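In the two assemblies presented below, chain A is common to both, partnered first by chain B and then by chain C.
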Partner chain A sequence: MKVLNIVLNGKAVTAKMGQTILELAREHNVFIPTLCDSPALEAAAMCRLCTVQVIEGKWPKFVTACNFPLRRDAEVVTDSPEVRHGRKLIIELLMARCPTSPELQRLAVDYGCDLERFAPLNDDCVVCGLCTRACEAVTGRTLSLAGRGVAIHVDTAFQKASEYCIGCGACVQICPVNKIAMEDVDGERRIILHGKIASRVKLPQCTSCGKHFGPVIDLQQVMERMGEHKIPPPNASVCPECSRRNLAIKLGKRYFEQYGVFEDEEGQANAG
Partner chain B sequence: MSGTACQCQEIECAEVEIDYTLLDKIIRDDYGGNREAMIMMMQAIQRVYRFLPEAAVKYLSQVIEVPLTKIYEVATFYASFSLEPKGKYILSVCTGTACHLRGSGGMVEHISKRMGIAPGKTTADMKLTLETVNCVGACAVAPVVVVDEKYYPKADIATLNDFMDRLDAE
Partner chain C sequence: MIEATQVATSPEVNKITSPAGLDIFRKELDSKLDPNAPLLIVCCGTGCQAAGSSEVVDKFREVLSGIGWGGKVIPLVKPTGCHGFCSRGPLVIIEPQDLFYQRVTVDDVEDIVNKTILNNEVIRKLQYKPANSKEVIPRASDIPYYAKQTRLVLKNIGKVDPTEINDSIVRGSYSALAKVLTRMSPDQVIDEVANSKLRGRGGAGFPTGLKWESCAKQEGTRYVICNADEGDPGAFMDRSLLEGDPHSVLEGMAICAYAVGSNRGYMYVRAEYPLAVKTLTAAIRQAEALGLLGDNIMGTGFDFKVTISTGAGAFICGESSALMASLEGKVGRPRPKYIRSVEKGFRDCPSNLNNVETYANIPDIITNGGDWYKSFGTERSSGTKVFALTGNVYNIGLVEVPMGISLMEIVYGIGGGIPNKRSLKGVQTGGPSGGCIPIPHKIPDINVGYGKLAEAGSIMGSGGMIVMDEDTCMIEVARYFVNFLVEESCGQCTPCREGLIRMREILNRITQGDGKEGDVELLDEIGNFTNNFSLCGLGTSAANPVLSTIRFFRDEYDAHIRDKKCPAGVCKPLFHYDIEAETCTGCGLCKTKCPVKAITGEKKKTHVIDQSLCIKCMECYKNCKFRSVKIM
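Our next item is the complex of A and B:
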């Protein structure tokens, strides 16, 4: 494979054909701030925070490092007065949307941002799109980026609680500004977006202890969507806790019953 | 959308009777159920109902196996798709640069005032939807007003009043 000669912040390094600037920078321990990038998902370049300068041929240009594939020998500058100037504006805009994110607050201090410059929107969502991409990746089909331009926002289809959510919580985990919440109440799992219920997923009841656990996922469908047609979906009726305890009891009985450990009627293991 | 519309008075209510055989004809016969033709299918469905009813979009999603969220993204992305019912007539005023310079802003205001609706909205009697578009490609005859795909070049307040008078008389 062709090896590219890249000058990364003044240092000569080599890159693989098609490697993104972000990948290369990380390989060489060069820090580029990112917000909408996840190694598990395809880059979407939504937040623009990773903007760097690249010179391929004659003219320098600003590109997003997370999705810019290197195809030619080039010079990359990840931190310079120009780059910082551009990034500062981006952080100011993001801060206007979402002033509560500690991540952004830290960056704002670092870049000396003027937080009075843009009227705060207090939307709390930076529209990075990570949640929608994660949702799609787990075949959840619940969150989407609706609208466009300044009106773009995360929403469920027709603004209604989704029927296709599998209750995995990937969106909750991945949101860089912790805008999405998940709660298990009244035997159902709820994903809460913009303070509104985005989906409800029924939780099964453990046949052993009666507690609600894990969501009831239409696994058959999920597996089909993943192209795993033949594997029969597992169907748990006992919660993980009980299943662990039951297994421990079973094993304990098999090996230690002869020593009289299991004397009580309940069959409860009394040895720690 | 007229006779069979439901009785409820809520403006949000978007219930229409969906003719699934017609949808099947559009999706399967006209476009071979090919998901690449999704946007054209959506346009065809919108031509039938004058907007995209939720039930029809759901059906489309099932047949062509495209997640509902994706179709919703597309439907909200393009201004030409509407998820809300539209009036019997759709009046679009061009507010592109040329038309704007020739006073289309005032025309929008005029209609808004007279019909009591903001741009993008529909009158309560479902007769008229007022829309603004950005350049319909006829700048030479600005300002342009389009009523149901018919173009009115060099439109003015009189043209609009004429139209609205006819509408009121209906």
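Our next item is the complex of A and C:
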């Protein structure tokens, strides 16, 4: 494998062919802020916060560190005044959409942002697309970027509560500004997006204790995506808690009943 | 009664099985043609069709068939593609006299047949009269609008019937393909195109030869794609080409496919061009029936199949990676990857994407050689370019000019100058990604070429050219384009999305009269940021209309913000009309034209506008013969 000689912020380092600037920077403990990057997903370069300057030929050019593959010897500047100025504007513009995000607030302090410059847009999303990409990786059918032009937003198909959601919560977990919520109420799991219910997933009721748990991830769908067709979905009629307790009771009976230690508690052990 | 010498495809066409067979076929068709046969060419481009040219064609056929010709040759009615002179449509040209009739309506048809065709009598009222002149110009080729153009790409448009492949073959279509397939290797084709110095006509101006070469170097299945997703406001070069001469584009694609080693072509046409899609579909079917496209072209063993794919009305799909995503059936958004589509494009295969006009240039380059092509245009920008001339200019339509021509020549020589005694303020080129060139006041003149336009802060673009007179407000122009992009951006990346929202906000504020000190600096800051940090070509040029107007018309921005005045009289809250007492003759025209009766005054005395009633509709200003109505 060819080794590339890169000058990273004035320091000579080596990089692997095709390695992204972000990977290289992290290897060498150079911090580049990111919003829409996740190691589990393909880079989308949507937030542009990781923009750096690269000089491969004569002129410096602006590229996003998360997906720019190094193919030639180059000089990389991750923190030039121009880059800092651009990042400052990105943060200011995103803060106008989403002023309460701790992540953005911290970056705003770092970059000395003037938060008075842009009138608030009162949108709670920074449109980084992480949730839609995570969703696509898991089920591919629930969340996507909808809307024309600058009115782009995360939404379900036809703005209706989606039928395809498996309630895995990946979107909730990955959102950098914590604006997607999930709650389990009335025997269903709800994903709440822009204050609206984006999907409802029925939660199964435990045949043992009667509590709702779950959700039963539609394994059939997941397996299909992974290319495994024959595995049947597991039997999940008992909640994990009951299942654990029932197993303990079973084992207890088997090993300790003979010593008379174990006493049956109104047939609960039979339920499992 | 003798039937007109009509070149019609007979139902049982024989496939052309060898390149020499094409030559024989053409000679056969040619021998049937009589150059002196009467011919009625009716422009059936979209513009003329909107003005009723289809009805004119039908009426001509009806009238002509209703006459006893007694041994004379019946004139053939030939509907053709766009002649380019759209502001004068529907156009009719009568051959062989080359008589030019403009604005022909159904009612004129009988007159034309009875007088001109039967009695050689010219109808004066239908003839073309240039602006500010009483002399008519009878022949089409003498009209300055046509005479001053250099028509290479458009040479067949307006001459051939696009729905009839034989008509194109007679004029040499597919002979370049035959030459390539028999006498040239793929490398020779690429060398010839590279030698011609043809640059991409879609806007960016990437050397076509270089693109083909890097595509040919790749391994695996290769695709040839034609970008016909023309979306710039006011531009219709590609549409006219597809509607008027589809075979030149198809031939260009086939030559490209041979050069890069592909046998699969796609044509991405926007769905808003139904006529182009229809013409193109018919053209492909006819070419395939003759064995000029499809499997085993002309018996040489070379296959090339073209499929048409229609867009769904997104401007962003003109961007290469968004176009390919859309072709694949995905959402048309640019791909965030630093890899060129000639390496990995459509279906992750090497794909050669060129504009319609680029492909249409290819057959001529092959036939006449790259050196011939280079003889047009300038050193760095060779050949010709088609522009859609529009705005405040007499002659609106398509013009093809050699590169390096002066912009003033286009506006005054071909365009015929600025109407209504107004003066020229600037020319906007390159659509929403371009800029305004302030000729003749701030830049005396400019020679049209990729480099020269870029120096002036604009781009060549796909060829939109909007002429603006003194009554145009530059801030309004910038606002118009930003508003367009706000709708058409894909919205993926922060700088383009948020930058456009903010630029629109500030420009709206300025045109409403609420501009603040520092707004121009903020616009400049956001504009430069958007251009540097965005993902795709749309984003990195989205701020050009704003930045170029700031660069050249800073005084207008200042007038809006500081003095709260719109010097051009466009932004309604920022001006009012007043009648100048010294020059007003009291003719009363403004009074009768005013829709809200805001103007009062006695005959032959100075009139007055009641500002509380005035709705600033411009009627008085436009109609005053003495220019006494002033913008204050």
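A few points about this structure:
Just so it is clear, the second predicted complex is superposed on the first by the 257 of 272 C-alpha atoms of A that agree within 3 Å, B and C clash if a C-alpha of one lies under 4 Å from a C-alpha of the other, contacts with A are read in each partner's own complex, and residues count from 1 in each chain.
Definition applied: a contact is a pair of C-beta atoms (placed from the backbone, for glycine too) under 8 Å apart; a residue touches a chain by one contact, two chains touch by 3 or more.
Only a predicted model underlies this, so the values are computations on that prediction, with no experimental measurement involved.
Touch criterion met: A:Gly147 reaches chain B and chain C at once.
Look at A:Glu136: by the touch rule set out above, it reaches chain B but stays clear of chain C.
For chain A, the partner that touches more of its residues is C, with chain B and chain C as the two candidates.
Of the two partner chains placed around the shared chain by superposition, neither chain B nor chain C is touched by A:Cys239.
By the touch criterion stated above, A:Val63 is placed in contact with chain C alone, chain B being left untouched.
Of the two partner chains, neither chain B nor chain C is touched by A:Leu8. Counting contacts by the rule stated earlier, residues 144-145, 147-148 of chain A appear in both its interface with chain B and its interface with chain C. Against chain A, the residues of chain B that register as touching in their complex are 54, 57, 67-73, 76-77, 83.
On chain A, the positions that touch chain B within their shared complex are 132, 135-136, 141-148, 155-158, 162, 164. Across the complex, chain A meets chain C through its residues 43-49, 51, 62-64, 67-69, 82, 85-86, 89-90, 93-94, 96-97, 117-119, 121, 126-127, 129, 144-145, 147-152.
Per the touch definition, chain C reaches chain A in the complex via residues 314, 331, 333, 336-338, 485-495, 497-502, 505, 522, 525-526, 529, 532-535.
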